[in-house]
């Protein structure tokens, strides 16, 4: 298994969600938005490694993200760290900003 | 140990809790409600693998859940990933929706 | 290392905190309060395995806890699962109840 | 890999953040503030092991921290425990105090 960072987005509502993700770095300007949709009453996994537009996220670079949605969604962030023999999984709920 | 996802529900109040869980998928309609009760002043573990009514949750499928209760409860979600030699445990508190 | 569950309590304020912990079980009445103090401007770790008064917590039993304080504190819950070769650590912030 | 505790701070706003961290111990007075800045629209990792001013944090000592900022930021706390063969990662979002 390869290391990855991912978000799982739950749209429990009746309206499709338009998601805009902005990625922040330590030493250069933020990049984005990366745009996705999550259909009504669906969940969707997004892996940051798969992001390509407007540009790929460099591997091995620390980053943070802000996730905006036009409708209420719930976001869980997961990281799989496979640099060691035993993978480490960590997960946090996204911090809700009003 | 088998991989599993579970929720631990704490009902610290004096009234029994009627719990309704709806499971959301990536590419099909949500299923539910799965109904459980948690007695007053009790805690209860529920494993998603054990859910059967209205239908079992397919193994190896990504899903998310919304948990509704008629009284205030606290929900902790835990996942044991045993695909590797060393199990990984992750846990998050459920996001409270008003 | 032995498996354990612990809470780390931070009292960042200027007044000592009187902490009351009630432990909830799946199939019997809650037990408590277990009483502790956390001095002003101090942090304190409490291991549930060390609780003795009013009664010890049975090993291998699922439980949940409610933590009350007379002043604002921050609580982090940690579990070390050493049943396997590689220990698993999980941690969540306590859910704040008003 | 060496064990460490770190915080990742995201400043998604347009104004630089002045960060003040106070470290709390179990049996002595808190130490701080440790002062850092996080530029506007940047993220920054801080390892507690690197803190030197006003004083280093003793290794192997339990501590907690309060993080203050002059502008809104998001803080994720991560701990890597390398005392065992398989590293354990744990992460929690900082608890927001008003």
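Note that the chains take the letters A, B, C and D in the order they are written out, and that residue 1 is the start of every chain.
Methods note: a contact is a pair of C-beta atoms (placed from the backbone, for glycine too) under 8 Å apart; a residue touches a chain by one contact, two chains touch by 3 or more.
None of the values given here were measured: they were computed from a predicted structure.
Visitor: Return the chains shared as contacts by subunit A and subunit B, ordered by label.
Guide: Of all the chains present, none is in contact with both subunit A and subunit B.
Visitor: Specify, for the interface formed by the sequence copies subunit C and subunit D, whether it is same or different in terms of residue numbers shared by both sides, with half as the dividing line.
Guide: different
Visitor: What is the distance in Å between the mean C-alpha positions of subunit B and subunit D?
Guide: The separation of the two C-alpha centroids amounts to 32 Å.
Visitor: Quick one: report the Å distance separating subunit B from subunit C, using the average Cα coordinate of each chain.
Guide: Each chain's C-alpha centroid was found; their separation is 23 Å.
Visitor: Can you list the residues of subunit D that touch 2 or more other chains?
Guide: Within subunit D, residues 85-86, 88-93 contact more than one other chain.
Visitor: Which of line, ring, star, complete and other names the graph you get from chains that touch?
Guide: Here the contact pattern is a ring, one closed loop where every chain has two partners.
Visitor: Using the touch rule from the top of the page, what pairs of chains touch, sorted by label?
Guide: Result for touching pairs of chains: A-B, A-D, B-C, C-D.
Visitor: Which residues of subunit C touch subunit D once you look at their complex with the stated criterion?
Guide: On the subunit C side, the touching residues are 1, 8, 10, 12, 41-45, 72, 74, 76, 78, 85-93, 96.
Visitor: Would you tell me which residues of subunit A are touching subunit D in their complex?
Guide: It comes out as residues 22, 24-27, 29-30, 62-64, 66, 79, 81, 84-86, 88-93, 95, 97.
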